[in-house]
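Have a look at this one before I ask anything.
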Amino acid sequence: MRLSGVIPPVCTPMTPEYEVDTASLVRLVDHLVDGGVDALFVLGSSSEVAYLTDAQRRTVLDTVVGHVGGQVPVLAGVIDMTTPRVLDHARVAAEAGASGLVATAPFYTRTHPEEIRTHFRTIARRAGLPLYAYDLPVSVHTKLSTGLVLELAAEGTLAGLKDSSGDDGGLRAVVMGRDALSGEAPFSVLTGSEVTVDSALWMGADGVVPGLGNVDPQGYVELYRCASQGDWEAARAEQERLVRLFEIVHVGGSRMGGSSSGLGAFKAALYLRGVIDCPVTALPQIPLSEDEVGRIGKLLAAAGLL
Amino acid sequence: MRLSGVIPPVCTPMTPEYEVDTASLVRLVDHLVDGGVDALFVLGSSSEVAYLTDAQRRTVLDTVVGHVGGQVPVLAGVIDMTTPRVLDHARVAAEAGASGLVATAPFYTRTHPEEIRTHFRTIARRAGLPLYAYDLPVSVHTKLSTGLVLELAAEGTLAGLKDSSGDDGGLRAVVMGRDALSGEAPFSVLTGSEVTVDSALWMGADGVVPGLGNVDPQGYVELYRCASQGDWEAARAEQERLVRLFEIVHVGGSRMGGSSSGLGAFKAALYLRGVIDCPVTALPQIPLSEDEVGRIGKLLAAAGLL
Amino acid sequence: MRLSGVIPPVCTPMTPEYEVDTASLVRLVDHLVDGGVDALFVLGSSSEVAYLTDAQRRTVLDTVVGHVGGQVPVLAGVIDMTTPRVLDHARVAAEAGASGLVATAPFYTRTHPEEIRTHFRTIARRAGLPLYAYDLPVSVHTKLSTGLVLELAAEGTLAGLKDSSGDDGGLRAVVMGRDALSGEAPFSVLTGSEVTVDSALWMGADGVVPGLGNVDPQGYVELYRCASQGDWEAARAEQERLVRLFEIVHVGGSRMGGSSSGLGAFKAALYLRGVIDCPVTALPQIPLSEDEVGRIGKLLAAAGLL
Amino acid sequence: MRLSGVIPPVCTPMTPEYEVDTASLVRLVDHLVDGGVDALFVLGSSSEVAYLTDAQRRTVLDTVVGHVGGQVPVLAGVIDMTTPRVLDHARVAAEAGASGLVATAPFYTRTHPEEIRTHFRTIARRAGLPLYAYDLPVSVHTKLSTGLVLELAAEGTLAGLKDSSGDDGGLRAVVMGRDALSGEAPFSVLTGSEVTVDSALWMGADGVVPGLGNVDPQGYVELYRCASQGDWEAARAEQERLVRLFEIVHVGGSRMGGSSSGLGAFKAALYLRGVIDCPVTALPQIPLSEDEVGRIGKLLAAAGLL
């Protein structure tokens, strides 16, 4: 059976001392599961995985898998530069009881499509868990080609794709190519874009991995429900409400990196909504100012979330 | 006193099973130290640091620091995505007895100059070892600005710069800015370019960190010696011989990633010269073919190294 | 009234001597107008505008505007590096009787958002024709921001946007921002993506500028008609047929530049369909081989076009 | 005989109405020729060629070629997107009496090395003037490979290279490859970097094309003279003085595009030195503020030029 629906990348709440705040993390998991999501994705980009030490990654995995207790699948990001380092994370994730793994192409190194193919094949063969490719050119500076993704899907190396490239034409090509494969293992196409979910589902995508889903899981669940029932106009209306809410990620503007602005906004919103105790983001990110947090509050209120 | 001279980034020999080959690593260290190098840099890009697990990084550190026994300083790369993960590597390196640390700007995340400043300041404050900035846009997709480097030099955050950006105008601006700082902590400017060492030294750089120095440490030592004694014509002649030798990194061509071609060539050359037992590179790199290794052998012979 | 519907960027047929083949161009215009398109866009990227001399650009303008005789609007690309050069093209286009102008951000120079704003404002003020911004990062290496586009829309500088960035989330933000402007001049949002037209229209876009529309104008007209009448399932089915046809642009593969592969495919298809006399593309593009043209023929047949 | 020495890219002075100020242009040419330069390069990036209309380009050519009257060679930039448009500029330049042409790789289009080769070969064959390749990745977003440049040199297509890539390792590879060609047509290697001229000459480059040479031609002439006579220490001292002067290009900072800041600085300096009547730069560039012009004045004074 292929993965579908709303699978938020779970933020990682922190204490003022930059440690994982497990109490807040548990509340966030409840907020998401109670919100109706279909699965959870821990240790993704929205989880600040790039900023978490291995010990913190382990804490997140144990906390979430333990608390969820099998109610929904828990995918684990295994984000690192190359195959051997990814395999280490995969071992930890498997031991912790993750339901599947999410890996990017190699980064930091100057890579080649043949090497990306070897990378995913090696992880799939060794890890013993369903493997999802994470297409994230803004971070890894490589775009996965449609041809490579479909080849790895057809042979059973990949169980799915999380497409955060923003290239919906490419997503459609994968969906149509996937549908043309017959008698193969299931392959799930998930969009990572918060603002084109209705159209991605319209094209045949199976689900969405929305960072903004931390802030408003019910919104994405409702959007998915409407689309599944064929009520596309209601889906679009809900999507447009979420597009306006997504404006929170731009509040930090150009005085900080894009990661700081986006991740800081999600955490500020979760803090304002009472889900987590502290909106702090990991070093070296620049924190949002009090004024900026105030503007996020206004956008939350406009979306009916405060 | 500031670091100067020839500081090769030490390759990491591996067994056919992709484990660190400590016996070969020890021989390589001897080859370099006997070749007259001034210090060693382990766990840099040429060391395949991006491909080494944390356990393998630890093995490399312990092996090299232990074997060197203080004859020359040993710098350790602490290459990872963000500050908290770099700090973990820094702790390990300090425990292992490294003489200094080498860190890049954050990568994978979308970062900002203010965040890069915080990144280096946090590492320097917590690590307790001299910190060298590693400017490597091809891997981290950010260029360190002259202004930021000089600010961090002036305040004592950085003990030096390893400039692998290929931008010798920028290197010169750092050297001249450094010389204009008075009464400050020592700040060492090192070029990471194998092919413009004579000119970098001419501009006032203190030394070089040449990947190709694994293959021919004597060549770089001789080049540095000539330059130090003011015999620039001899330095240039030696540099030009090394430029011709550097052709080995292009043998792999476009059928593999640039990392595979370059690192594979260094290891093939070390293997052909009898320094290491096996030329294998880490996964998912594409290995050089037998024919390509043969062409590397011819280039070695032409350089008088076989 | 704002521009809407199907507005193909008209290919520029050439003789074997690389001159504009006006007889073929006239036949192509008839093919498009008879196919039911709503307007024509000459001298865009798909017209090989980057390869046409000023005299050839003038020939194209005169031929198309003269032949169309006001049946449908004719937009003219005024593609050049900076404002003064664009203004020269704008004067020629106005004299020739174009209905509107299409301009990109400056390129070749290292530009700044403030300069892009001045660029569009100056063109709009001097040209005396409706001005459409052409967002084409793959060519000009700058992405127009949503904020800038909406500011220029609100003040009446721009009459519309041709979005060829492939970023459908950005297109949606422009559509929603445009709808929030009240009592303003009309502003038309057109997608330049051949493969996400149904979803762009679903988001509220007004029309499409499809290079592939040269080959199959009826297909895009039908797609637009279905969407306009709310028959989205039929629109999607037609879109999916066109996605499969779009495969022709990849036939040239990596042995040539992306422009050669795409433009060569459109012209080969027009040649095979009997619309133009010769499939030649301008220098220095690499031509498709006979075998590649054969594969394009098979894709045309599969789409019911041969 | 191959071109060598100091060949400044001549700025294009403008009136407050953005027309070519031919009186100032003539004074600038005298300033350069009297300063001892070996040739002139008109219609390059520093000439604002990207901003000049074809009529203005013609005015510049006629003014400079006419005034110089054969005292020194005059190279002409033929900067445009593709071969056919470049050929039009080449015809005009030949008619005007230019001594040679300078062309980049194609831009705006997505190009391929085979197409770049065809581009240069076609221009060389048709133009009837020596052709220099202009390697300028910051503008054309393609780097000319060493292999391609040497192939085109060996076959006589190219008479030289203006290397503005900032990659001095690549420049050295071209110089060494050029020296290995025997019995071939002369091939001149010129650096476009203002701040590494001594080292480029040291590597064997034949000359320099310095934008900053507009401001201080005597400086670059002296630098070249010292290097030619083997007085490298004097060359370096002069180079370092010019590096400090080059600081003027950063005065505009990040509130404008890099082109505006650099070109505005050269013109402000020429204005302050009394060479040209007006420091205006072409649209849509942002002008330097009065305060910024004042800071440029201080840097000129520090360099002994006011």
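The chains carry the letters A, B, C and D, assigned in the order they are written, with residues numbered from 1 in each.
By our rule, a contact is a pair of C-beta atoms (placed from the backbone, for glycine too) under 8 Å apart; a residue touches a chain by one contact, two chains touch by 3 or more.
Here the structure is a predicted model, which is why all the values come from computation and not from measurement.
> Only C-alpha atoms count here: how many degrees separate subunit A from subunit B in terms of the superposing rotation, rounded to the nearest 5?
When the C-alpha atoms are superposed, subunit A turns by 180 degrees onto subunit B.
> Averaging over Cα atoms per chain, report the distance between subunit C and subunit D in Å.
It comes to 35 Å between the two C-alpha centres.
> Centre to centre, by mean C-alpha position, how many angstrom separate subunit A and subunit D?
Distance between chain centres: 49 Å.
> Out of subunit B, which residues touch more than one other chain, so two or more?
none
> Pairs of chains that touch, anyone?
A-B, A-C, B-D, C-D
> Touching subunit B in the complex: which residues of subunit A?
Touch list, subunit A to subunit B: 18, 50-54, 56, 79, 81-85, 87-88, 106-112, 114-116, 118-119, 122, 138-141, 255-260, 282-286.
> Under the definition above, what is the set of subunit B residues touching subunit D in their complex?
166-169, 172-173, 176, 193-196, 198-199, 202-203, 232, 236, 240, 243-244
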